[in-house]
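This structure is in structure tokens; I'll ask about it shortly.
Chain naming follows the written order as A, B, C and D, and within any one chain the residues start at number 1.
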Amino acid sequence: VGVSVRVAAGETVEAGSARDRKGSEIEFSRVVAFSDGVFAIAITLLVLALEIPAGLDDLGKAIGDRGDEFFAYGLSFAVIGSLWIAHHRFFANLARFDGPLMVLNLVYLAFVALIPFSSSLLGSYAGETPAVITYAINMVAVSLVFTAQNVYAYRSDLLDEAAEARRAGPLVAESFVIPGVFAASIPLAIVSPDNTPYLWLLMPILLRYFGAKHPGR
Amino acid sequence: VGVSVRVAAGETVEAGSARDRKGSEIEFSRVVAFSDGVFAIAITLLVLALEIPAGLDDLGKAIGDRGDEFFAYGLSFAVIGSLWIAHHRFFANLARFDGPLMVLNLVYLAFVALIPFSSSLLGSYAGETPAVITYAINMVAVSLVFTAQNVYAYRSDLLDEAAEARRAGPLVAESFVIPGVFAASIPLAIVSPDNTPYLWLLMPILLRYFGAKHPGR
Amino acid sequence: VGVSVRVAAGETVEAGSARDRKGSEIEFSRVVAFSDGVFAIAITLLVLALEIPAGLDDLGKAIGDRGDEFFAYGLSFAVIGSLWIAHHRFFANLARFDGPLMVLNLVYLAFVALIPFSSSLLGSYAGETPAVITYAINMVAVSLVFTAQNVYAYRSDLLDEAAEARRAGPLVAESFVIPGVFAASIPLAIVSPDNTPYLWLLMPILLRYFGAKHPGR
Amino acid sequence: VGVSVRVAAGETVEAGSARDRKGSEIEFSRVVAFSDGVFAIAITLLVLALEIPAGLDDLGKAIGDRGDEFFAYGLSFAVIGSLWIAHHRFFANLARFDGPLMVLNLVYLAFVALIPFSSSLLGSYAGETPAVITYAINMVAVSLVFTAQNVYAYRSDLLDEAAEARRAGPLVAESFVIPGVFAASIPLAIVSPDNTPYLWLLMPILLRYFGAKHPGR
């Protein structure tokens, strides 16, 4: 990581060193393609957690007992898919990018790539506090780093002008509601780990409620 | 998923909010690239189901005994490949896309990414009813969601005009023949799980027969 | 597969139905991106065959004993890399593509995606006849299907005109030398499985020799 | 590999045979996409080393005991991410590319794709000399081959003119500091394998120090 920071610093000797998207479309699209690759691989690796060993006596029962694993698969597919759509939208609104944003993006992807691990625990150890907390922490981390990317891009003036005005409302809602709900679910996971994942399913409703309050939209 | 729906809804305040493909080629190509990534990873992960542990006494026999696994590999490679070609064709015919279509596409990909799991069961538990039914259900789900994508795109006027006229015939044939045959194979799998996969191999012939009846082609 | 053949057939009612590359650059690039994805995933999955379980007493010895696995990794990385370069070159020379070529390409990719399996056997069962024969058969299959793609593209007039003249020589050399050497190595693997992989390493020299005889280059 | 070398040789009969980037953007972008694919897959496969088996009695303890595995995950994610950024930068500075550079790039990718293996050893066998040495050797190899790519591109005049002048300083620093530190850590790993990874964490500081001495930047 240091390498990239240093180099980015080397490139920022002159003002206005952030690369313009139009002038370096190939390089910009490589960042996008790399991110998409990580998203696509992470989302497809989720299936490995469903694996059923060969040679069982009662396959029907084994499949029936996988309810928690299928739930974790569906939940995590929806989560990574939503993260990807949000990332897609964020990058579509960038007018420029620079070294620090690339580093933030890598940290972000490191937490995205961790989701198959957290998801596999959530499936195999459904209803156990450490599994639920691990998943919640993974979500808090991924959403906070995404917020950091958004804030950095906004402060460093990397966003499209039209996008900047448009995004203020949703940014606030998503940036605080998502990590907030997952952080709040950590103590809940100690008391009632079985029910915590159902709380997460309320996220779309909460987001709609808080998002709707912003007149800027 | 909720996130994306909400945002898409936010963007659809004005009429005609579906993004035009020409005006947002980069964003369009990201959806395509992400989908292709999931297809390519799912199709390549099929090989993991063939794994032979190290240290066996008689490797020749172990490879010979893998007939069912190789059959499942070939079948599923053909299935995912066909799905990808159909998806490729569908996206080539889109003039516009919007938020709900992206969500449908993610649900579709969730069932595509499940195929390595179903395929691995079909190989390891060849001739067992639960394995055959799991595979058939996976196929029904994937083809119904694909039909939903097609119907949605048609109703929301997202298709190319030329494509719209051209596709009516094959759409009807594929949309009902494929899920219909797989659904019909579920009761068959209870009676004769050994023979059910051979029925699936008749799919191309059935499609050709029903497809040919449509004068619109 | 049937689906695509049928559709391709449906589209070839009129003459000249092969899609021109220039006029459908996005669709062409999807085929390329999908193929590249399969190559990149297959080449990266090779590393899974090196896995060393946790908790061994003598890790140094375990790594030292992996010589055959590292050899198989290096060989297969070079093989898939070479196949990718050849595929890259082949697609760069295409002026048009059509449905049957896409189906041939999928069959080709099915054998490419099988290489991590064959390679893992070659590493774990080094010097055993069934492992060496499996690898050789995989190579014969992959090179014959690639030859079929080349021949089909040539006969169906899908190649660039300049490319067509230029490629005649190398095509003949590669099309017969590579599958020929691998096919010839199958009986050798019965007599001397230990030495067969070294024969394969002579391939570049053989190719240079036969390739050089063609005056067309 | 031989195949590609031969073909590249075939193409270099006339002087100036390196392909110009502008004139073959699609082919250039395939090399980039393939490399990005390998990077993205290798970085995402790191998560497999964290796997916790199902059915343990005390999941909380098992997660707590994974400190070394999480450290290896974070370190290797940062390493592959930095390598990718450097590769990204290198390719952004290329004006042309040719066959030998593609072969060097494949050898480079073979060592990148090996990192999940080395990283998994570093996590499972933390503090054991063979694991630390394996990781260090992997890093020496990857950085030396990257230096070779840089030197080859510079000598064969494949770089952008502006890039050439700009890069001299950092090239020297990175080319010798990174492999040097990793090579120097090999004897240290014999004496104190526990502490060696912490030395690696000093890399960004060392690079900044040596990089800063070059007036050319």
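Quick notes on this structure:
What we mean here is this: contacts are C-beta pairs under 8 Å (C-beta built on N, C-alpha and C of every residue); 3 or more make two chains touch, one makes a residue touch a chain.
These figures come from a predicted structure and were not determined experimentally.
The set of chains in contact with chain B as well as chain C is empty. Although chain C and chain D share one sequence, what matters here is the overlap of their interface residues, and that overlap falls short of half of the numbers used. Look at where the CA atoms of chain B average out and do the same for chain D: the two points lie 36 Å apart. Annotation: 26 Å between the Cα-based centres of chain A and chain B.
Those residues of chain A in touch with two or more other chains are numbered 33, 37, 41, 45, 48.
Shown here, the protein chains touch around one cycle, each chain meeting exactly two partners.
The part of chain A that touches chain D in the complex is made up of residues 1-7, 10, 24, 26-27, 30-31, 33-34, 37-38, 41-42, 45, 48, 102, 106, 109-110, 113-114, 116-117, 120-121, 124-125, 128-131, 134.
Residues 29, 32-33, 36-37, 39-41, 43-48, 50-52, 54-55, 59-60, 63, 73-74, 77-78, 81-82, 84-86, 88-89, 91-92, 170, 174, 203-205, 207-208, 211, 217 of chain A are the ones that touch chain B when the two sit in their complex.
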